[in-house]
Amino acid sequence: MRGRATVRGSDPDAGVLADRLAATRGLSEALVAPLSDADATLQSMADASPAKWHLAHVTWFFETFVLRDHAPGYQPFDAGWGYLFNSYYEAEGPRHARPARGLLSRPSLSQVLAWRAHVDAALAPLFGRPELAPLLELGIAHEQQHQELLLTDIKHALAQNPLGPAMWDAASSPPPSDAGPGAWHEHPGGIALIGADGTGFAFDNEGPRHRVLLEPFALAAQLVTNAEWEVFIADGGYSTPTLWLSDGWAWVRAEGISAPLYWRGHEHFTHAGWQRREPGAPVTHISYYEADAYAAWAGARLPTEFEWEAIASGDDLAGGNQLEVAGPVLPAGSASLFGDCWQWTRSAYLPYPRFRPVAGAVGEYNGKFMSGQFVLKGASCATPRGHSRASYRNFFYPHQRWQFTGLRLARDL
Amino acid sequence: MRGRATVRGSDPDAGVLADRLAATRGLSEALVAPLSDADATLQSMADASPAKWHLAHVTWFFETFVLRDHAPGYQPFDAGWGYLFNSYYEAEGPRHARPARGLLSRPSLSQVLAWRAHVDAALAPLFGRPELAPLLELGIAHEQQHQELLLTDIKHALAQNPLGPAMWDAASSPPPSDAGPGAWHEHPGGIALIGADGTGFAFDNEGPRHRVLLEPFALAAQLVTNAEWEVFIADGGYSTPTLWLSDGWAWVRAEGISAPLYWRGHEHFTHAGWQRREPGAPVTHISYYEADAYAAWAGARLPTEFEWEAIASGDDLAGGNQLEVAGPVLPAGSASLFGDCWQWTRSAYLPYPRFRPVAGAVGEYNGKFMSGQFVLKGASCATPRGHSRASYRNFFYPHQRWQFTGLRLARDL
Amino acid sequence: MRGRATVRGSDPDAGVLADRLAATRGLSEALVAPLSDADATLQSMADASPAKWHLAHVTWFFETFVLRDHAPGYQPFDAGWGYLFNSYYEAEGPRHARPARGLLSRPSLSQVLAWRAHVDAALAPLFGRPELAPLLELGIAHEQQHQELLLTDIKHALAQNPLGPAMWDAASSPPPSDAGPGAWHEHPGGIALIGADGTGFAFDNEGPRHRVLLEPFALAAQLVTNAEWEVFIADGGYSTPTLWLSDGWAWVRAEGISAPLYWRGHEHFTHAGWQRREPGAPVTHISYYEADAYAAWAGARLPTEFEWEAIASGDDLAGGNQLEVAGPVLPAGSASLFGDCWQWTRSAYLPYPRFRPVAGAVGEYNGKFMSGQFVLKGASCATPRGHSRASYRNFFYPHQRWQFTGLRLARDL
Amino acid sequence: MRGRATVRGSDPDAGVLADRLAATRGLSEALVAPLSDADATLQSMADASPAKWHLAHVTWFFETFVLRDHAPGYQPFDAGWGYLFNSYYEAEGPRHARPARGLLSRPSLSQVLAWRAHVDAALAPLFGRPELAPLLELGIAHEQQHQELLLTDIKHALAQNPLGPAMWDAASSPPPSDAGPGAWHEHPGGIALIGADGTGFAFDNEGPRHRVLLEPFALAAQLVTNAEWEVFIADGGYSTPTLWLSDGWAWVRAEGISAPLYWRGHEHFTHAGWQRREPGAPVTHISYYEADAYAAWAGARLPTEFEWEAIASGDDLAGGNQLEVAGPVLPAGSASLFGDCWQWTRSAYLPYPRFRPVAGAVGEYNGKFMSGQFVLKGASCATPRGHSRASYRNFFYPHQRWQFTGLRLARDL
C-alpha cells in the first residue's frame, strides 16, 4: 500500500463504512472469480505480484494494523503468513523477496479466500469504534489500490502466454464522447490551491494543501488516441532520437521499443484476450518517455501535476470509464479527466511544502518513494469508482507502462 | 529428452510393451497426484521446468514423433500446444522460451491430464506394429527421464516457499547397508569394453561400444555420507581455496556456498518438507566442484566414467534405492552403485569414438550437449527402476546440484 | 557539454574574449601537466572519461561548431577524430561508445595537445567577428565544465590504484570560516524571481526567468562537515532503513555503502593521495540518497533549488574555495554558498515554464537530461572561478557521488 | 603462468641457461618497443591483461620464487608491487582484481623496465647454482607463455580503437606450403605413449607419460584456410543450428557471431592494422564452437589431443611460422603441425592418469584449471620458438578466440 489516512476528514457513519468495506472486499473477490489457482499464482515480472498475493496482502494489512493492534486477543490466522504478505514495511520486519512472490503455490487461492472470510468476520465488531474509522478507511483505500494492481498485473501475466487467454468476454465499448478536435481547457494562470482540502479521505502525500503559482496554459480536452499514436509511429517517432529524453532514448534502444505495450499488428492484448484496437480510444500502456516524446513531436508538452489539478478541481468525475462494483468490464473510450487511463505529468514525484511522513509502520510511506518517479493524475478504467479525486497523486518510474497509462497534452498560453 | 533409441536391441513383445508404457504413464500421473494446479505450474529457475510442463512435454513427444508421424489422419489435440511443449528440437521449429515455462497457467493441469488420456488412447492401436517398437521404447525411456526431472524440479520449487510444504509424509528410511569402512572395489587395469552391448535399450550416447585402456585403480564401496561431509565442512573445506578447481572457487565465492543445497542447520529439505538429516545417508545435492574439492581434501580423486563402468558391469542393480512404480517414496540410504544418488565422475561428457548423431529431430541430440558438462553414473532415488544400467551416461554442468548428486571416491593402485 | 548560450547577454570586447579563451585553454593544459600519457588515458567507470578525452572533446567542440561551421576552408586536423570525441550529439552522427573511451591509447596525449594548439591558432582570426562571440562564450563555458569533470574523473581513476598515486602535493587548507553554529539564513517567503536575468552568460536551462512562490524557510549558513557526518555514521545512519528513500536504501544494500566515497578510516583520497580528513571541512562525495537520509536524521530537509537561489541571489561569490587559474590546488573549507562543494537540492531537474530546447546540435541539450536527476546548486573546489552564478543548475543522478557533492540543510519557518 | 617444471629432465649448462634467459627477457622488451606507456596500460577485456602487466608479472615471478626464496638478503624492488602483479597464486595472498588491471597507470612502463633490469642483475649470480636450474627454466617457459599472451592481448586492445593502429608494418607472408589438397596423415591405431618423455622441460600437466588406446584415424595435413571458411559462411554455417553444439548455438545467438574474430569485409585486424586476408592462409581467431561446427559441416570431426600427439611425435617442428627472437613479425601461412595457429582438439582439459598437483605456490596449478576447457595442440605464429613440443597442452574455454586459434580436421578410418 502507498499512503496513510489523514486524521482530519474521516468520520463516516459506522453502517455506511461497514457497507463500503463489504463492497470493496466483495469486488476483490469478484475480480478473481475467473482465475484458477494457477492463474492467481503467476508473477510475470518483479514489478508485478500474483493476484493471490494481492488478495492476501490487503488482508494482512487489516489483520496486522487493525486486528492485531486493536482487537484484544486476536490471533493471526497463520503465524507464517505475515512474512509472506508484508509488502515493504521495514518496521514490520523481514519479508519474502518481492521477485519470488510467484514461487508461492501455497497457501492456495481457496486458503487465501478462507483467510479473507475469517478476517472480515473479525472486523465486524470494530465498526462501532469511531477511533478506528480512519484506519478502516485507509484499509479500504489500500485495497482499492491493489484492485487496480491486481488487474494490471494479471493482464501482464496472461499476456506472456502464447495462447492469449481471456479473463472475460470482450465488452462492446461505448463510442468515445467527443469534445471536438482541438478542444482545450484554458487557464489564465495565477495562484492555485493544490492538495487535498480535508473534506474526504486522502493519502498523506496529497497534502499539505498549499499555493502554487501558475502561468497561463491550456490542457487538452481529449486524451491522445490510438489513431493519433499510429501517426506518430508512421512518422518515425520511435526512431528519431531528437524527440526523446536521453534516458528514454537509451531505453528505446536497449529494449527494442517500437510501440505501446501489448500492441501486435492492429490488435492489443486485453483482459478479453487479443482484440482489435479502436482507433478513437485513448492510447494506453505507454511509458513517461513515450508520452514525453509524443508531446515533443506534437509541438506540445505534458502538463504539470498542478496544472492538471487546477483544471480538474471543478470536474464532477462523471462520465469517465472506471471499474464498477457491479461488473469488472474494462472497455475504454471516454473524454473525462478521470477514467480510461492515468495521465503522465511532467512533475517529478516530490513532497509538497511542509510534508512530513508520519511515525509508525502504517505511515511507511508515501514519502520514501519520492525520488526518480513521475506523478500521474486522473484515474483509469481499472481504478475503482470512489477512489478518484483531483488531488490524487499516482506515481511510477518513467519506463513503467504496464499500468493503464496515457497522456493529455498541454501548451503555454 | 536426451537421446534416441539404438536400432539394435529393441523388439519386445507388443503386450509387454503396452504394459510398460501404461505403467510408465501411470507413474507420471501418480507423481503429480499430491500437486495442485498451482504447484504444477511453478518454475523456480531456468534449469527447472514445471511439473505440468513435464507431463505435457512427454505427451507432445508421443503425439509428435509417434502419432503425427505414424498414425494416419491423427490430428493434434490442440494445434497451439506444440509451440509450448517442444523442449529444444530445432528441427521442430520455434518454441516457448525455457525460462518462461513458469508463466503458463493455461493449459491447466486437468487439461494436460485429459491430453495424456487422449494420446494414450490413440497410441493403443500402434502396439501391433513392430517397426514402431523402438520409437515407443524411446518414448518410455524419455518419459522416465522426465519423471526424475519432475521430482527434482518440484523439490526445488517447493524449497523456495518459506512455509516448507511437503508432497508426502516422511518415510522411515532403511538403515544404509554397510560395506564396511574403507572397503574398496579393486581393479587390475587393462583393456575394458565400454558402452552399451546391444542387448537392451540404450541411448545413442552410450555407444559405440569400444575399448578403453585402464590403469589399476580402486573404487570405494560406499558413497560419501552426510557425516563425512560435515567433517569436511568443519575442517574448512569451503574456505580453503587450494582444494578447489579455479572455476569452483569462483563459484563458491560468487554464490556464497558453504554447504550442500537444501541444508539448513541439522536439517535438509525433502519431498516431505524439512527433515533431520541422517548422518549415515549418502550426501547429495552437491556440485561437481564440491565433489572434486572433497576428493582432494580426502586425498583421493573422482573415478573416470570408464573405471566406474568397468566395476559396475558385473553389478546386479539390486539393493539400490530407486523410484518404485508402486509408490513414490524417496528415502535414501544404500550402498549399491545404482540408486540413492548419481555419482560425479571426472570424465567430461564427450562423444565415444565413431559416435555419430543420427539424422532427424528424434536424434536431436545427445551429441549437441557434448561440451562443458561432466558424466554422472549410477542412478538416484528418483530414477525409475528399469531405467538404470552400467552404460548409462547422465550429464550436468559442474555447478548444477539440484539433482540427487553425490560422490564415490577412487584412487590409484 | 551541457547547454547552449542564450543569445542575449553576450557581447564582450574581442580582446577580452580572446584573453578569457586563452586563460581557459591554458588552465586545461595546466591541469594535465602532472599526468602521464597513461594517466590521461584511464577510464575507471562509464560515468567518467579519460583526461585526454576531455582535452580532445572540448577541442572537437571548437573545431566543429566554430571552425567547421564558420571558418571557410577549415579542414579538420584529423578526419577520424570526430567519431572519437563527439560526446552525445545525435545530430553529429554515430560516435565511439562512452564506456570504451578508456581503450583509446591513440591519439596520444601529445597528439591531442598538438591538436589543441592547432585549433587555438585557427580560432585567433575569429575574435573580430561579433556574431561568433556567443558561440565562443559557450565554448569557454563548455571547457570550464569539462575542467571540473577532468578533475573528478582523474581523481576517481587514481583512487582505483592500490598505490594511491598523487597528482599534487597536499596543500595546507585555510581553516574554514565560521558562520557560527546553528546560523541560518532566513527568508520570509513570497514570490521570487528565479532564473538567469540576462546580464551575463547562462546556459539555456537557467531560463526563462520566472516567478516562484516560496513559503517561509531557513537555509543553513554552513555546509554539513566531516565531523557531523561521523556522528551520523556512529548513530547508525547507514543501517536505519526508515531514514532512507526506498531507492536509496536499495542502493545502500546493493552496493554495501557505509561512508562517503573515498573514505578509509580517518583518511580520504584526494588529488594529493590519501590524506587525513579535517573534521571541520565540509563533507563531500555523497549521493543524493545520503544527503536526504542525513537531513531526515537531523530533523531537517534539503532546500529546493528555488529556496537556495533566492538566498544566493545576493551573494557576492567571494570567499568560496574554487579552482584558480593560477594554480590547481584543491583544499576545502569555507562557508560560502559557492565553492567547496556542490549542494544537493530536493528539486528534480525539470524544465522551467516556457523552456524550449533550441534547434541544432549546439542546443542538444540540457533539455534531454530532464528526467531522473536532481539539481545541485553552488560550485565546488573544482569549479573554475568565473563559472559560478546563482542561477546555475548542475544536475546528477541521485546515486552519483564522484563529483564534489555535499549538503546544506534547510527547514520550514 | 600455468605449470611447473618437472624435476626430471632439466640440467642445462649454466652459461647456456643464462643466454637463454637473456634472450627471452630481451624478446619481451623487443615486443613492447613499439608501444607507448598508454598502449602498454590498456586492458580491453577481463580475459586480457595490459602489456605492462605481463612484463611486470613475469618479473614478479622471478623476484618472488627465485630471488625472495633463494637469494639471501634480497629485498623486493617495491614492496607494494607484489599485490599488483600476482596473477592467481592463492598461496601468495590477496591480489589486485584481474578486471581492474587496466586501471594501473602507475607504475609506468619505464618503471617496469627498470624493475626488469634490476631483477636481471640480481639473477646473474644464481646461474652457478644447479639446484635452481629447474626453477629458472620454469621462469623462462613462464615468460614465453606471457609473450604470446602479450601479443594476443595487445592485438585485442588495439582492435578496439576505431583508428585501427598498427604496431608493425605488414610483412609479406611466404606463400603457404602445399601439402596437396585432401592430404591426410593416417594412423593405424593401437596403443600410443602420450605425455612428456622426460628429455626436456615440460609442464606438470604434460605428464605422467601413459598409454592410450587409439582407433585407426586420419589427421588432415593442412589447416583449414580462410577461403574454406568463407565457403562455410556462404553455405549458412552460422545460421544452421543443427551444425552447432547447444552451448555454441546459444553463444552464436547471444553474441551475434557471424565470422571469426577480427574479420571485417575482406580484411582482418592484425598487428599491422587492418589488412586484406589471404585466402590460402589458415583461418584463425575461432572458438571451439566454431571449429566444431565447421567440422560437422565438413563431414569430419576434430581430433583428440591423443591423436594429434601421436602424429606429431615424429614431427621435427621445422617449417612452422613462429615468433622469432630476431624479429616479431607475425605473418601466417604454413602447413606444419607447429606454428601458424593453435589447433582445437575435442579433448576436454583433464588430468592424465596419476597426475598430482605439487605442493607450494609455484605448483599452483595447471590442475586447478581442469574443468570446462578444451585442449589445443601445436603452436601459433605468436608462440616463441623453443616453446613448442608434441606433448604441450594449451587450454582455453570453448568460447574464447582472441588467441591464434584454428583447426585441423580428423576422420575415422
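Per-chain residue numbering starts at 1, and chain names A, B, C and D are given in the order in which the chains are listed.
Simple rule for what comes next: a residue touches a chain if its C-beta (ideal position, glycine included) is under 8 Å from a C-beta of that chain, and two chains touch if they have at least 3 such contacts.
None of these values were measured; they are calculated from a predicted model.
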item: Partner chains that subunit A and subunit C have in common; value: none
item: Most distant chain from subunit A, judged by the mean position of its C-alpha atoms; value: D
item: Equivalent of A-C within the choices A-B, C-D or B-D, defined by over half of its residue contact pairs recurring; value: B-D
item: Distance between chain centroids, defined by C-alpha means - subunit A, subunit D (Å); value: 60
item: Separation of mean Cα positions, subunit B and subunit A [Å, integer]; value: 47
item: Separation of subunit B from subunit D, taking each centre as the mean of its C-alpha atoms, in whole Å; value: 38
item: Multi-chain contact sites of subunit A, meaning residues that touch two or more partners; value: none
item: Chains that touch, pairwise; value: A-B, A-C, B-D, C-D
item: Subunit B-touching residues of subunit D, taken from the complex the two chains share; value: 88, 90-91, 191, 210-213, 215, 241-242, 244-249, 288-289, 292, 346-348, 350-351, 353-354, 364-365, 368-372, 374, 398, 412
item: Touching residues on subunit D, where the partner in the complex is subunit C; value: 36-42, 44, 80, 83-84, 96, 100, 102-109, 157-158, 160-163, 165
